[in-house]
Each structure stands twice: as structure tokens, then as C-alpha cells.
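There are two complexes below, and they share chain A, which is joined by chain B in the first and by chain C in the second.
Then we have the complex of A and B:
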């Protein structure tokens, strides 16, 4: 099994660092699925932790200037599936903050399988001051027999998908609602209105956002004649709060998709081909 | 002793206490005519931090002439007092009740007065009479660069190795022998010498010291926005980390470094291809265990080889801070006593760990015995040889041929090599380790 990738654009490298930092706030380990077309990071819902299901999709041809992988030999699409400790990877990539020149990722085996991160960073003052960092992050190779357990989640078909206002506003709001009620209801209409509702014994608190851009809409048979399509779903407040507080990426493109009474799909579109997704299941009120 | 601090300086004082609290559990307060100093030791007594506040730092400072008051108080008590200093306008500190209690009065906004009396545990102090030599290696830099270096390593990382060369410096995390069984992360950072304000390396060395105490000091340096100065000699000698703020505050952290015989398992790895194991994770774990033990024995042999090599090339094994001399059972050149690294007779503290005293004679016994064994063997061999020559010189038929000597079974020696060695392996414990249980078998 071989994996070698190199990044050379400082902006992309900083984004990669933010993505890994976001993952490190959500889960201790994440599964890295490497294939010829895509690289996925999946942070599974660990039993006992409140973290939501989050996965990151990266198009390697965009991010990496050089990308070679040789998966486990098989006739089907070759993959490499690794279990990566996120905090260690985050520490390893910390030098990406200072205008790096290049960053190489390699899968190596030194006593145990490691993801080798080789970063070359130059300091701002003059070009001959350079710093080099080399980290070997221990990873676990997941064998083929376990791959079905670590399948990448699918983006659901949402009834309504709206662009949400910035993360900064939402994060503060949900943190406050977290103290009031254990569940929060997302309610959206096709006219660009999104309401976040929290119900307690004594009061109902609704926050309305209007004039939001409608991203996508799936009209089912029964709703074709209605003027306004609505969708709502109630989800666990703590999970939602965790997701929003963990986001380290500048999130201007934050969209929320609702499947009526089933789940909420949140997507942060960093750039074409790079996105962070999260699925929040519905809970009974 | 009586002293008063204004609001701003109280905040600085509080930051000092918070930084020292990361070290250890006891705060030694010493006040003399020129100023007051706070000192603390870390639990393994391998690092001592001294924060000295000059008379000019205080608004009002009074001590009895020619009297040095010193005491030991509980760190946590002190920390609780200085936890929140946002509203503090003035701070008064004094000793009351005939030096039995240390009183801290915080005068806060809105006419609030917080009064705390901390009982003095003991009247004792630390003496660490160590000063850096003038011609040792010096590296001075802003706290920012050192913080960036320390951020490159895991927050839980214990020790780092600094390899100082002419134009470059290499910082690696230290991997100790006992960690070979787990999966550890290896980090390395290379910097150019120009990034530091002052970089003066007389002799190229590499030293290994604890990161935890260094980070605690960096926290205070950040609060003061001052630069940090590192002074060190060679592996085994202590490293001095100092901060100097406006002649009012002087901080010195003296840390022990690992002696040069300690080899990090950092470089003991060879690259190979990653293989996929076809079994499930559970089986994988069992298989890995068996391969790990093999690796450990192989790497231990490599380690002892490297140890011998380093012994040849190092300048000296003894140091002022440590009485640590390597137990070389393979070579009968120097009969040495292995002492635990933590033991430091120059630090006068009340509680010298009893464990280490007990360990010392036990290890002495072992080392003596192991030393005598090869000597006996060599004696036996020489006598046998003499016997052979005598017999052959007489050359009679009545002589009974000597029974064949036992052949050196090299395999047995290497498989059971660990049994012939002292149970106490100096390479395994770290400066951070504490001996909780003695070797069970002293024979």
C-alpha cells in the first residue's frame, strides 16, 4: 500500500489545517479513506460522546499538486482505509500556520504504520530562514474485512436546502438555547425563512432568519400545488452546538438541508470539491 | 516581612504563582533584604524554579534587618487566592502569628477586602547553588519562538531533545525505551540559528529535558512579554532557563538533563512498506504483540551497542547535578554505581525519597555481583589454560584428558540475555518517572 501526496498552495494548506482542527474538536480518531478520486475523513459517532456524525470530502486533484496512491490490490476500486488520531495529526500540521512552502503526506511503516508529515515553512522576514518539521503520526490500517463498518455516509435528499447565516451568529444562539431546552427545532420554508425554535415548560423561543437563499428544493407529489413548502425537524441541541463550536473554517457557505422529521444535513462548502458535512438525526420531542 | 503590591503588579504576581503551580505542590517563599523569591520543585526533584522579585517591584517592602524569612506553603492554597485578580487594587502580604501563618490581603473594588491566612507547613528552604558557567552554550530568543517550538509537540509530550549545531537547531521529542511497546508519535522541528536573538554555541551538543516545566516558564514569559534565555553545557549537566524583566523580576529554571548514555528510540526505526493484515482488528492486536516483543529485544541489543559507542565518545559521564554513572556490565573497565537520576544531594530538602535509598544498595549488590562473575570466568579460563599447558608439558599417557569445555552457546546468551542483566535498567525510567515499587527480586 502506498500513499503520497504533496500540497504547495499556502491557502489550501491552511484550509487543510483548519479542517483537521475541526475534526480534532469533534472526535479523537477519524477514519481516513483514500481512493484515486476522493479523500474522505469520517468522524464517527462514538458511543458515549455527544459528537455528531461529521465527514469531510476532499477532491485530491484540487488540493494536492502531486498525488499517488496504490491501494490494497483488488479488482475493485483500490482504497486505503486508515484510522487516524486527530489531535496528533492536528499537532503535526500546526506548522502550516506560517506560510508553508510545501507539505508532504506519506504513508510509511516505521515499527508500525505511520502517516509521515513533512512540512517546509519559511518565516516572513527573509526567504532563507526556513523551518522544517517532520512528524510521524501513528495510524491503524483497517483491514478489508472491516471496511463495511466504515462506509462513507451519503448526502441525503433533502426536501429543502437553505443557506444559513454566518456561523458566528448561529453558534452564539445555539449555545444559549442549549441551556434552555435539550432539543431544537429547525423549521424552514421555501420563501427563504428559517426558524430555530426551542420549547420549554414556560416559554417558546423562536429565532427567525429571513431572506435566506434557497439552495435546493425537492418537491414531492403531494406538495406540488402548495404555495409554500415547509420542512421541520427537531434535533439534539448539544450535538448541534458541538458542531457549530467545533468549526474552525471560515464558514460563509453554510447550508442546512432538512428532511422532514428525519434528519438535518449541514454542509460547509469551503471551495469546490472540498466540503464538511454533518448529519444530525431527529429526536423525539 | 511585610510587603504591598499595586493592582498591576498583583496580576503579574498571580501569573507567577499560576506558572509555578504547574511545577509542584509546594511553594517556598523566601524573603530577604533585597527582595522576595518564590521557589518550587517538581515532584521528581529534577527541576527547580525560582522567581525572584526585587524590592523595587513592591510598593512597600519591609523586612527585619539581617533576617531571612523562609517558609513552605501549600501551592494550591496560594493558587486559590490568586486565581481571580481582575478586581484587585492592592495586595498586602505578611507573616503573622510568629511566622506561623502567611497572610494575604486583597483589597478589591467596591470596598471588598479578601483576607486569606495560609498556615506555614515548614520552615525550610531549597538551596540550589548552581550558576551557569560563562562559556557554556547560550540561546536567547523571544517567548514567541519558543512557544511555537513547544506547540509543535503534543501537549502530553514529556521530554524533548535539543540538538544544537553551528547554524541550525534540531528539536525532537524524546522517546524512552519503555515506550517501544506502544505506538508513539515522533515529531521533529528544524530551525535556523538566525531566528533567535542570540545564538552562541561553543560546543555542539544535544540535551534532553522535561517539556512540562519549560512550558510553565514560557507561560510566565508570555505574560511578561519577555525573551527567554537558555544556557546549557553538555548532556548530563543542568540547563538554565532564565527570564529577566526590567531588573525587577528575575526567573531561573534549573532542569536536569538526561545523561548522554540515554539513547532515544527516535532513530531506531527503519522504513518499510505498509502491509495490510487480512485478519480483523482483534487478531491484529495479538499478532502485533508478538512482533513488538521481538522488536524490543532487537532494539534493546541495538541500544546496548549504541550505549557502548556513546561511552567511548562522550567527554564525561559525571555531572554536578547527578551522580549517575552507567552500569557497564559488559566491560569491566569501570566499576560504577547506578544511582537513580532523580537523586540530587546538592539540593537540601527534607524528604529524600526513601525509595531511592533502598534502591541504591540493591543495585550496588547486583552490579558488584555481575562484575565479579565475568572476572571469575576469566580467572577460571586462565587457570584452565595454565592447567592445559602443564599437562601437555608433562606429556604422559596417564593424564586424563580434560573434559571438553562447555562451548559458548551464543544463542542461549542472546535469548536469555535479559536474565543476566540487572533488573534495574537505567535506560528505561525517565526524569519524570517515580519509583512506586522496588525491584521484587534483589538476587
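Then we have the complex of A and C:
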């Protein structure tokens, strides 16, 4: 088993830190799944908590300047699956904020398996002496027989996917609505309209976004003749709010997909080859 | 409510009572604000009790919140503050302050315009929010209203020989209250034509005392008009209800007389000349 990755672009490194910080707000430990063409982080706090299921998808070839891995000896699809404490990893990476020269991630075996974070903290601008920080974050290697339990969630086939406006507006909005109503309905149409609806005995609140970009549409047989395709789903407001408040990344592009009465899929595209996903299950009103 | 009506037809909204469908001209109360900010600050300053009483007349809007029979807070917005203001006779209704406060804050921190509609007894108050810079986004809230009892009228006798009036700069007074002992039970305010001109004392549980004296020549005093010495104690928890209003105030008027009833006016910062202020009446503690 072998894993090494290196980052050199300061912007990428800062983003990586923000992503780990986002995960640490959602779960104590996350599952890191490393393969040749993808690195995944999955935060799935045990049932009962309000945290939503969130996973991060990284294309290592685009993201890391150097990347080597050797998975467990399966020829077709070599993998490494680790369980990583998010808070510790976040602390280890905190130096990435200061524009270091590089950051290396390595899977090492001291007395126990560790994810070693090696950061050269010499800032590019100043000429002071080299300062290097190395953190060993203890991780658990998940054996192959348990892999089926740690499968990466699949991006669902949504009936409608719309690109939503800036995160800042919607985060504040859902944060307020969660104080008034336990559930919120997402209702989208193929003409680029998204409605967020909350209804209680005391108040009815509807928020409308118009002229959104339609990213994908799946028309079923029954809907073929309809002028306008619609989809709606009611989800837990606290869970949704938690996803938005955990996001530490300055996101420009947020897309929201709806499967009628089943789930909502939120996707934040940070840049090519790196995205944060979340699935929110439907709840009955 | 055009937009919510379509949602009702789709079955996404279920409570028809919360939708208003009549024409504009039938509304008993319609108002439009180009900037929601000052109104929102005012509503937040009053959000210490759930029952808000709204009274609308041709002069403007008055929102009243009472805690027990000891504290009354009023938010006044004159009709001239509104870009559009239309009311039939006198309209009164009750609202949950927490809900209206959350609704007004939906687009937190972003400049918004607001329209309010009210059709009459039993109908909801409808708020329509539009962020100024985002044409494609809007929110409609309809909030259940209730009937209200009459509001107690507190009054200080303007003719009284002992009426003392002081105008203070808001930020300076806010600083003073920050420095006072927050755990104190009681707070004594003394106004006097002689020294100390303006004194705030706190009395704690274990007889700890702190006090601040402000001379009438101080920069923070804008007007000092005291005829006789007045001094009264107030419960600190009640005084602290004013803090949100105080934090947003540019100017504070403090009035009291020998009865000890304390009246405070908080002028809200507003770019225009518009008159928005929050007024508090606080009953004194009985002297033993």
C-alpha cells in the first residue's frame, strides 16, 4: 500500500484546507477512499445526528502536482480506504493558510498507520530560513472485507438540475427559515425557476429564484407532452442549514438536483476536478 | 401573492387562509419601504417578547411590545418614511415578533425593499421582499395575525415641575452601559441640576456597587434640562431590554419625573431625514 501526493499551488492548498475544515464541521471522522483516478472524502455521521451526508470528489491528476498510489492488490481497481479524524487533519493542515511552498501527503507506517502531512512553511515572499512542519495523523486502514460498507455514494439521476445563485444568499435564507419551520420544500421547473417553500400554522414563506440555468433534465415517458417539467421534494430544514453553514469554501457554483419526493442533491463545484456533494433525503410533511 | 397562489394550485401550499387574493385597492393597509434596514433594526430591538401589537394610522406605524406591566416598548415610523403608505381608518393587529423578525432577515445583510399588505381582520400580514440588486430573487411571507387588546398608555406630565429631560449621544451611552456590572440586580438613575448631574449606579447581590457620573458639560450630553433632583431604581433585567435599541441609536432622550417612570427615546440611524424611533417606558421599583 502506498500513497503520496503533493500540492504546490497556494490556491489549491488553501482550498484543500477549507475542504477538510468543511468536513470537520460535519463529522468527527471521514472515510478517505484513494484510487488511481479519484480521491474521495465521505462524511457520514452516524444516524441520529442532524448532519447531512456529504462527500468530496477530487480528481488527483488535475489537483495534485505529483500523485502516486498503489492499492491493495486487486488488479482492476486498486484502492486504499482509510478512516481519518477530520479535526486532526484540519489542524495538521492549518499552515496551508500561510502560502507555503508545498504540501506533501503520505501514508506512512510508524507504530500505526498515519497520514503524514509535510509542509514547507517558508513563505514564497519572505526570505527567512526554511521552516518545515510535519504532522502524523493516525488513521485506521479499513480492511478489504469491510469495503462494501464504505462505498462512495452515487450521484443520483435527478429529474431536474438547476444552477443556484451565490451561496451567501441561500445560506442566510435557510438559516432563518430553519427557525420557523422544520421542513422546507424545494420546487423547481424546467423554465429555470426554483422555489423554496416553508409552511407552518403561523406563517407561510415562499422564496422564488428566476432565470436559473438549467443544467440537466430527465424527462420520463409520462411527462413528454408537458410544456413544463416540474420537480419537488421536501427536506429537513436543519440538515440543509447545516450543509450550508459547514461550507467553508468560497463557492461560485452551486447546483441543486431534485428527484421527486425522494431526495435533493446539492453539488458545489469548486473548480475542474473537485466538487462537494450532498444528498438530502425527503421527509414527509 | 400571485406567486404563492400558483404554488397553492400545485398543492405545495396547503393553507389557503394564508393567501390573499383580492385586488390591491381592497387592502386596508399597504406600505412600501425602499430600504428595509432601519425597520428591521427597530423590529429586532423589540423582539424580546412574542406578542407585537401593530397600530397603523395616517400618521404612520406604531409597533408595541409589553413585558408584564413594567416595560413597554414602541417603534414609531412616520408615514413619510414610507415610499408608499395607504391605510383605511385605523388598523390594528397582533403579530408574533419573532416570526416577523426572521422574515425580515431572510436576505440577511443585503439591501432589500419591502412591501406590506393587510386585508383586514383575520387576514394575514403579507410581506414581499426584493433584494435591490438581484432582480431574479424575491420572497413572500404571510404571517398569521391576531386580534389585540388595547395598549396601555404611559405618559409623563409635560407640565410637571419635576420633569427632567436629557439628550445623550447614543454610542457614548452604549459604552457606559457596557462598563456597568451586568450581573447587578438593580440600577439607579439620578438626574439633578446640581452635581452629580447624571449618575447611573448598579447595586449587586453582595452589595457590590459601581457608578458612573456624567457632568452636564460633557461632550456626550447634547441637551440637559433638569429642574429638580429625581432618582429611582429600575430592575437591571428590564433596563437590558433596551440594549439592542441603544446599540442602533444615534441619539437617546431620557425623561423622568418625581414618579420615577422612565421614558427613553432611541433615534435610529437613518440616512434620510425620516423619523424612526424606539421608545421605552420602564416602571421604577418601589422604594422601601
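Following the convention adopted for this analysis, the second predicted complex is superposed on the first by the 277 of 285 C-alpha atoms of A that agree within 3 Å, B and C clash if a C-alpha of one lies under 4 Å from a C-alpha of the other, contacts with A are read in each partner's own complex, and residues count from 1 in each chain.
Here is the rule we go by: contacts are C-beta pairs under 8 Å (C-beta built on N, C-alpha and C of every residue); 3 or more make two chains touch, one makes a residue touch a chain.
Predicted model only: the values in this text are computed from it and were never measured.
Superposition note: with chain A as the common reference, chain B and chain C are in steric clash.
When the two complexes are overlaid on their common chain A, residue A:151 makes contact with neither chain B nor chain C. In the superposed model, A:112 lies in contact with chain B only, and not with chain C.
Contacts of A:88 after superposition: chain B is touched, whereas chain C is not reached. Looking at the shared chain after the overlay, A:1 reaches chain B, while chain C stays out of its contact range. In the overlay built on the shared chain, the residue A:216 is in contact with neither chain B nor chain C. By the document's definition of touching, of the two partners only chain B reaches A:72; chain C does not.
In the superposition on chain A, A:138 makes contact with chain B only, not with chain C. Counted by residues of chain A touched, the larger count belongs to B, out of chain B and chain C. Residue overlap on chain A between its contacts with chain B in one complex and with chain C in the other: absent.
On chain C, the positions that touch chain A within their shared complex are 3-4, 7, 10, 12-15, 18-19, 96, 98-99, 102-103, 105-110, 124, 131, 134, 136-144. If you check the complex, the residues on chain A that touch chain B are 1-2, 72, 85, 87-88, 91-92, 94-95, 98, 107-114, 123, 128-138, 140-146. The residues of chain A lying in touch with chain C in their complex are 165, 169, 172-173, 175-177, 179-180, 185, 187, 195, 197, 199, 201-212, 230, 232. Chain B makes touch with chain A in their complex at residues 148, 151-155, 180, 183-192, 194-195, 268-281, 284, 288, 295.
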